[in-house]
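Chain nomenclature is as follows: A, B, C and D, assigned in order of appearance, with residue numbering initiated at 1 for each chain independently.
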Amino acid sequence: MSSENLRLQVTAAPFTHSPRTTAAVMRDVSLALLPVLFAAVWYFGIVAILVVGTATLGAVLTDAVLGRQGWAGLKDGSAILTGVLLGLTLPPGIPLWMALLGGVAGIGLGKVVWGGLGHNIFNPALVGRAFLQAAFPITLTTWVAPGSGSLVSLPASTLAVPLLHVDAVSAATPLGLAKFQGTLTAVGPLLTGNVAGSLGETSAIILLAGGAYLMWRRAFDWRIPASIILTTAVLQAVASAIWPGLAPPQMMVFSGGLLLGAIYMATDPVSSPTTPRGAWIFGAGIATLVVLIRNWGGLPEGVMYAILLMNAASPLIERATQPRVFGRDKRRLL
Amino acid sequence: MSARQLDPGTTEPEAGPLKLVATLTIAGLLSGVAIVGAWQTTRPTILAYQAQVLKAAVFKVVPGAQGLQRLAWQGQTLAAEADPGGEGDDTPVVYGAYDASGALIGYAIPAEGAGFQDKIGLIYGYDPDASKIVGLRVLDSRETPGLGDKIIKDQEFVHGWDDLSTTPSIELVAHGKKAAPNQVEAISGATISSKAVMRIVSGSYADWAERLPKRADAPRQEITPAASPAKEVAP
Amino acid sequence: MSQSDRTAEELLKGLWKENPTFVQVLGMCPALAVTNSAVNAIVMGLATLFVLVASSGLVSMLRHFIPKQVRISTYIVIIATFVSVADLVLQATLPVVHKELGAFIPLIVVNCLILGRQEAFAAKNTVKLAIADAIGMGLGFTFALTLLGVVREILGSGSLFGMALFGPNYEPWVVMILPPGGFIMLGLILLVFSWVKQRRQARQARQADPAPKVGVA
Amino acid sequence: MTANLLGIFIGSLLVNNFVLSYFLGLCPFFGVSGKLQTAFRLGMASTFVMVVTSLCASLLNTYVLPYAPYLRLISFILVIASTVQFVEMAIKKLSPALFKALGIFLPLITTNCAILGLALFQTSRGYNLIQGLVFATGAGLGFTLALVLMAGIREESELADQPAVVRGTAMTLIAAGLLSLAFMGFAGLFGGEA
């Protein structure tokens, strides 16, 4: 990063002007997330609120303390949204101190060092999730079966003392079952959400409804989720026709974090391409990676990694799909 | 390094080609002498250590072993292979494990294959008379610390191989689901690495164990007190 | 400046002011690859120190005899020889650490730090100064590696030099001994470095110019 | 054991990406990833040198090194240095335009530890000629991929108004860390079972 580059006054993507303010979009997204949160409480109990709340607390505090704008930077609501999204990707039994750490890591590494909102390359919520997954691989893949406790009872691991390990009982997710035991889960429970998994990836119907609402409010680029869902379905249909042992396409789309990721994470306007063609490519790339990792990778789930990888590629996609500026010669990507 | 530093200076007075060649030759010669010297000096220690590691591993996977020797197929017969043929030698070998009298009590079979991250190298003990795997140790792995490296650290998994029937074939089952003598329990949370170990052992078993002779037909170990049993390891 | 002052200065600069890892950002491959435990980090640092001192001494001694055109090749031959020797000696004396370091001992050959010091310093200075410079750089490198190794091992394994620190129930931050943790931890350390540096500069600027200044972000 | 070729290729391209998981080739990764175009060209030139080196290393492993294993390191480094020299001369002769474009980056490849690392890994894993070539191609393209992704990120974040403390190497390291975190998703992909 040499200093000889001329510092132009450049605003960050998206360049297109929209009458909708950041805060308004954030409000819509938060509204659409409310039912998801209710579903999490319904299936896993009050602990859902605690986990999401702690993750949000970590995110907000980090943004306020380390962020350049301090407490004023919280007004646009983006740090809160990051925290809530992060919380929804966590397993219900996660110790709260880890959720807090996830919020700190997500905002710290995913947002503050990049220069704050609008400049981050990666989705901060997923940065936090990926950091936690790499740091505590076992805890982050220890799932609780839905409805296994009462509404107010907490899993033993929730209140674990920071830095210490507590063993927890583990239930398998539909994707884990398909991958490691060859057992498929019916579409019914996937749609209603009566399956083990992260807090926010339970009910496909509720997630889709939230997506429809956001589309109606024009709060996001509908091309990205559309592209992800369509490509996943098509690729998996082809793949499962060739290799009959693989999971069917409907299961691929409705299980795990695909919908949550497609609707709420991949659509983050800062870390995804802004051109329409770029959005389609971005989505298709995520879907391809998800299908690859889920079918042939070592991990049962790959949505988070797929989105982060395409986040990294999105500056290149944006460059390749930018409309040519009049008067300039054709510029190749490389 | 900047490019400027690598660019031979052209303004300097030219040295004759003879001098250039002479410099490089002398440097090469001296370097050769130094390396060969170090090699000669350190070789015995390195070999002794490797032999010790191998011996420890063989004795662990074949309980009760007192001695070992390299065995390789020579045509249709399994025979003792005196000396390894150098580093490039990759003749597949097994190690015969012997009791104090020089009678074979089992084989230690090295095997390797792809794991979750990188190659996994392991050695397992096989008792041909009982058709049983009697022990297993992972020697080499770069599996995820805290997760995949449980194939080395998780004692429950490691000892799951201590008395494992191979009839009709060995199987991996989920943690806590062992129901038959030919089943090993996977490590919960590290299913992929467990699977990799199982795959490596199964593959090697099909290649080796089925045609290994029974105890009585195996080559005996010559008991010569001076002979150090293992010369080189290729774990 | 007296001769001994100069020697001391060349020795000290590598430790802090021109620290190869934190300031010059050289030799990053081993700095990240082997620092998942403190022992590995120290052994790697010392092996590099040995190669650096030996090569710098020899190169400086021979600096009038090596023709310009073949100097890089000659340096590489010299370095590769010492690395081969170090590799064999380590394998004989510390076989367990040697196995963990794996291919990264031979890779000392292409550590830009070593070739860089030959070209930038040893080839132009007396043997005494060259060795002082090499010791300083080597120690600075070892210090940086050890610092990184200690932090990563404590967080990532809950131990230091293989001894458990927090008892059996510690939940290790596995990420710290994985590749991403290496990158991120070194990045954070550099961040702290430049933050300290900035604050010091800001203070100096304030002292020089008493007028109130806008704080640095 | 004969590792399958797809596993080797994907392994060196993504799963164990040389830069992001083995920390090889970091000097050019940090030095040259500022501009997309140079990153891509350097990546491709390195890939070519890797393939040639892999070929030479295979031959050396088969015909020379069984007799003199202690010469492994020194013979590899000499092969790499001469390959780079040769590639430089060949490109200069065949395509002066490309030579000009690559410019100073060619000699830098000699000290790219990814190349020596490739030869050493190939040897320690016992790859044969074909496996070695597949490994080298995967590793080279993986190096290019990491370089290009990083260049994209850096070109974009140059424009951002980052905190002054973060600018520079610290930023690049954290970006590489996050990229490496994302690449963890490839763990086990086609691992020997495809």
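Keep in mind that, in the parts below, contacts are C-beta pairs under 8 Å (C-beta built on N, C-alpha and C of every residue); 3 or more make two chains touch, one makes a residue touch a chain.
Note that the structure is predicted; figures quoted are calculated from it, not measured.
**Student:** By the contact definition above, name the pair with the higher C-beta contact count: C-D or B-C.
**Tutor:** C-D
**Student:** Taking each chain's centre as the average of its Cα atoms, which chain lies closest to the overall Cα centroid?
**Tutor:** Of the chains present, the most centrally placed is D.
**Student:** Tell me which chain's centre, taken as the mean of its C-alpha atoms, is farthest from chain A.
**Tutor:** B
**Student:** Round to the nearest whole Å and give the separation of the Cα centres of chain C and chain D.
**Tutor:** 23
**Student:** When the centre of a chain is set as the mean of its C-alpha atoms, what distance in Å lies between chain B and chain C?
**Tutor:** So the centroids are 34 Å from each other.
**Student:** What is the distance in Å between the mean C-alpha positions of chain A and chain C?
**Tutor:** 39
**Student:** Report the inter-chain centroid distance for chain B and chain D in whole angstrom, where each centroid is the mean of the CA atoms.
**Tutor:** 29
**Student:** What are the residues of chain D that contact at least two other chains?
**Tutor:** 27, 70, 74, 110-111, 163, 166, 168, 170-172, 174, 177-178, 181, 184, 187-188, 191, 193
**Student:** Using the touch rule from the top of the page, what residues of chain B touch 2 or more other chains?
**Tutor:** In chain B, the residues touching two or more other chains are 1, 6, 31, 35, 38-39, 116, 144, 146-147, 192.
**Student:** Multi-chain contacts in chain C: which residues touch at least two other chains?
**Tutor:** Each of 72-73, 77, 80-81, 84, 88, 112, 115, 174-175, 178, 180-181, 184, 191, 217 in chain C touches at least two other chains.
**Student:** Sort out for me which residues of chain B touch chain A in the complex.
**Tutor:** Per the touch definition, chain B meets chain A at residues 116, 144, 146-147, 174, 188-189, 191-192.
**Student:** Which residues of chain D touch chain B in their complex?
**Tutor:** Residue positions touching the partner: 1, 3, 7, 11, 15-16, 27, 61-62, 65-67, 69-71, 74, 103-105, 107-108, 110-111, 125-126, 187-188, 191-193.
**Student:** Across the complex, what residues on chain B touch chain D?
**Tutor:** Answer in residue numbers: 1, 3, 6-7, 31-32, 35-36, 38-39, 86-90, 111-119, 144, 192, 196, 199, 203.
**Student:** Of all residues in chain C, which touch chain A in the complex?
**Tutor:** Residue positions touching the partner: 166, 169-171, 173-176, 178, 180-181, 184, 191, 217.
**Student:** In the complex formed with chain D, which residues of chain A make contact?
**Tutor:** That would be residues 1-2, 5, 8, 10, 12, 68, 109-110, 112-116, 118-119, 121-122, 127, 130-131, 133-134, 289, 292-293, 296-299, 302, 304-306, 308-309, 311-313, 315-316, 319, 333-334 of chain A.
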